[in-house]
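Okay, got some structures for you below.
First chain A sits with chain B, and in the next complex the same chain sits with chain C.
Let's turn to the complex of A and B:
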């Protein structure tokens, strides 16, 4: 196992190196010039030159790349040019709200959709299956933005306007637990609603495939009850695609949901990234991109390890 | 099942605990409001937008401030004891500070174990030195650049090097702890407006040294409030600064102030609020819902909600005819009229398109007829009706309504639409029917409305055979392109920094060309000469005449297309007292009182 983990981490190096080169080229070679933005509306050519020097943009590209790599590897990222915050602080403070907004939803919609998927597969072709399929399709057909606008208006705003009852805050976020709870319930419910359809359909299809296998027929013939068939046999055997699907979404849990954070004004990483992009804050965007890349690589390795644990047929080779 | 019920019970208790958190705020006078924009910086060295000033003005006090109720604008002493003594041919300013004004307590005051010290004259000198320090990357150096010889000298001397903050100069100094004196190279009549900007405050050098780059996150001022939390790009929370100087609600105002009850608190001690929470949004929908839910002491009607808020009498094509009252003000729809008062605020605004005067095709004298033809092909009134509900003020030239030098009768012979004349001028420019003219490039923002406006403009101009390609870009990219003179045409807007036409005419002053504020790179020796002459003159009819002359030159040269000024629609809940909208003033929060506070006290 340790050899496998070690090998996985070694394999990450060329991937991350490639990403770092790509990111550097995008932001430092073909991207916007941040100098003009930060000098304000009354800059002089001389100001441009001085700022260029102070940001190190007058140095050769290879040297700029090495400096940026050193900053990333030592976590000495300096300050964001747009928000004037320490970049490491931005990430530490932003990760909490992002996770609070997405992780409960992930647990909820994964759990519910796995159960619904199994139920659909078991009752395949019956009214139960058809009803859930129709509801899932409806859920999939409504855009995320529409659900957000609808929920914010009808669930958060309207009760206040009509009856003076605040079921959920319309926007905002309070740092720390449990202060954050009222602010994260509605965004999480929205995510559950939007993700449920897709996931139920996905889990249904893999469960249906599993239900068609010989061993299920044998189990039925031996008189195994529904619960045993679904949760002991089918669920165990479809864990690999479930793990794969859940784990690949984990990095994006941490980096947050851009739209949700923007609409509900939650200072998570997604919201911060949007502002950084708008402000051509290339240092923040670059760090963010590298963070996502690193998380993706790590979680993929993690998924491989989990798969080998739930299914001994998967070899860590 | 038992476990499940226990979980539900725990979750409910947790939620209740969370919901009851606000109980600690009971009895506090909490003022909340919002904006569809974010403050980028709290550091007085870096204010770049009115939203930065909104934040800065609450935590930092200024030497002078706008008289809250007076119109036309009037300045009154803030941190200064009185108005400055101006000598030496309007060049030397001596300003006495009020005594005993202390900074908020903070750990950066190491010598006094965290107790904030008195604000002294040398703190103002430090502020200007820091702006002159090229390594501090100040966004506000332009305010004093070229004004004080000694300061310019220091800037030059330490350009790109470590600045010596201990070096003394004669024309900017603290005569004693409570007296500031500076001498300008030449009279700068707008200096008083500059001194009322939050960036020209006093702040302690030791705190800048202590926090370094993190100073932006620790504003240390003498303003009416102090910051307790800043969720960047989302909200900031301030509480009353108990050490704030004695500041009283104004006792005089306009007749309408008396009628609106804005003088009822005359002489009362400011600020009224114990706590201020400012919510920042990037989308207008949540902002608007938050306001309508009673979570904001005032609100600006976002453009897309105008038709919902005001009654429309009838429509004629794109034009909406609004129902108006006896005072010629639009009438609120019934559901809004029951809850809010309405206050239309004309903004000191210059919304315009410009041609790059250095461009080979559209620029200079050579491109003049082409520019004029393009202007004549467009219909700005139609644009106003289509995109601004017909509510903008359309005017000619570069001086907006509301400042000296503006004349509603100013004519622009090249204001469209006049397609025949446009075609004739296009032919005279050497491009009959657009033949031989390459596709022109037009740079602007990438939000939906800006792009639709651009499409309308392009469609209009196409009628005479001129083809234009729109390059939509993010503000950062647009800014960089303009500063590098890489746009042929551009769509821009300028909000006044102070109520004087000079602030707008400087956009057409040759030496301010990109990367300065003159993004059109317009350069007329005639206008430049008059600008230099007018720039040292006090506010007199003679100066306004020169302003009008420069306006006429800019119109004739046709480097700028336009113009429009917006009217901002403010809704004020009936329970909000003393709110008088004005975007040149950034200190509203200290004057506001809410009825619900009084009800709680009773």
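Let's turn to the complex of A and C:
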């Protein structure tokens, strides 16, 4: 087991190295020259040279790459061009609100949709299955933005406007637990609503496939009841797609939901990234890209390890 | 006469599908006596597997329906009147089943021990330690070497034959009175087949459970069965003890089946072609009015095409469903 984990983590190193080169090439070689983005087209040659030197862009490419790697590995990324904050602080401060806005929702909608999917698969073709399927299709057909606008207007804004009751704050955020709770409930509920239909259908389809397997018939033939069949036999067999699906979304939980943060004015990572893109803050955007890539690689290795724990056949391959 | 552990009367199982109603099993009746082995033989699609699933009430519903006029009595109790919960108590403890493909019939992500243990805990109220101990005994009983180690193996770590042995251990775990073996050797190598059949008949004699062996392989039937029911198009066309069936088949279909067995004596110099029953099994949605075998029968007469057949006694406990059963003496296979 330990060697398996070790192997998985060693395998990450070349991947991350490749990713870092790719990101560097995209931003420093083929991308626009950031100096002109900052100074505009009327900059003097002298200004350009000074900024180029201060950003270290006058050095050869391989040296620039090494400097950027050193910055990443020591978590010392300097200052943002637009907000003048320390980039490391920006990321640390932004991660909290982003996670608070999305992680509870992920846990809730995954749990609920797995249970609904299993129930649908068990009662396949009956009215239970059909009505859940209709509701799920309706849920997944409504646009994310529409749900956000509706929820913000009818659940947060209207009670204050009409009756003077503040159910939820309309926008904003306060750092720290439990101060953040009132601000995160509504965004989380919106995410649950939007993701529930889609995920229920996904988990239903993989559970239906599993329900047709011979070992389910065996379990029935030896007297297993509904609960044992669904939550023991089927659930453990569909853990691999479940892990794959849930773990793959984890990096994007940490980087936050751009739209939600924008709508509810939450200073999470997504919000900050949008502003960095607007102000052409190339170093912040580059760091962001690297962060997401790294998280994807790490969570995938993590998913492989979890898979080997639930399915004994994984280790062999 | 010994006790009847299973009585099936007028069992009819239908599938309500888009193409119409498919009657996979059409009003069959048979019984099973204590300790005996009944073979159910037939081609693919003759309804033998649906029969076995009906006996366990495991026919997927929807689309499958067992008609209410059917009766399945296990030790005198009609199981078609049982609730789902009562059925769960019966399955595995009174009547157990082993399946065709041991590769897929066991859950791949649980150890053999935990799957055996689940059944033991459910029906025998054993705790973890006791069920593990019993599990090891059972694995030993079915001839799995090194059972204390094997019990912690996952199904993919065992060979096909070993898996089928583990499956048999599971079937025996609660001393059922009836064992249904649905093509237990079809997915196995020939050498392993013989071992598994030997194991089943040996254990059956030791434990004294009645067995229904479902197969399309007449050689297997000749080997282990006491009585045989031949199924065709959802009906039993002939029922007989195993010796008479092979000696003097009374239904033309049975005779055709027996003639289809390759014989070593025929494999001589001329290598004559292997006999096959002409024609095809009729479509289940468009069954003929008369005898269902009429189109393939070598002695078909006009009456056969209009008049439906009934399973009728022909003496010596034999039954045949044919207007012109093959006589004793003049016609032999």
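Keep in mind that, in the parts below, the second predicted complex is superposed on the first by the 302 of 317 C-alpha atoms of A that agree within 3 Å, B and C clash if a C-alpha of one lies under 4 Å from a C-alpha of the other, contacts with A are read in each partner's own complex, and residues count from 1 in each chain.
One rule holds in what follows: a contact is a pair of C-beta atoms (placed from the backbone, for glycine too) under 8 Å apart; a residue touches a chain by one contact, two chains touch by 3 or more.
Everything quoted here is computed from the prediction, not taken from an experiment.
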* Does the superposition put A:187 against chain B (first), chain C (second), both, or neither? -> neither
* Asked: Taking the superposition as given, does A:117 touch the first partner, chain B, the second, chain C, both, or neither?
  -> neither
* Touching A:96, do we find chain B (first), chain C (second), both, or neither? -> neither
* Using the superposition on chain A described above, determine whether A:54 touches chain B (first), chain C (second), both, or neither. => first
* Applying the touch criterion given at the start, work out whether A:197 contacts chain B, chain C, both or neither, answering first, second, both or neither. => neither
* Would you check which partner chain A:139 touches, where first means chain B only, second means chain C only, and both and neither mean what they say? => neither
* Looking at the overlay, does A:82 come into contact with chain B only (first), chain C only (second), both, or neither? -> first
* If you stack the two complexes on chain A, which partner ends up touching A:237: first (chain B), second (chain C), both, or neither? -> second
* To do: Between chain B and chain C, point out the one touching more chain A residues.
  => B
* To do: Have a look at where A:172 lands relative to chain B and chain C in the superposition and call it first, second, both or neither.
  => first
* chain B/chain C common contact set on chain A -> none
* Across the complex, what residues on chain B touch chain A? -> 14-15, 17-19, 21, 38, 40-41, 43, 46, 48, 134-135, 137, 139-142, 145, 159-160, 213-214, 216-217, 229, 231-235, 279-283, 285-286, 289-290, 292-295, 474-477, 479-480, 482-484, 512, 515-517
* To do: Enumerate the contact residues on chain A facing chain C in the complex.
  => 125-126, 213-215, 217-225, 228, 232-233, 236-237, 239, 310-313
* To do: Write out the stretch or stretches of chain C touching chain A in their complex.
  => 56, 58, 62, 85, 88-93, 96-97, 99, 101, 104-110, 118-119, 122-123, 154, 156, 167, 170
* Structure fact -> The answer for chain A against chain B in the complex is residues 32-48, 50-51, 53-54, 78-79, 82-86, 90, 149, 152-153, 156-157, 160-161, 166, 170-175, 178-182, 185, 262-267, 271-272, 274-275, 277-280
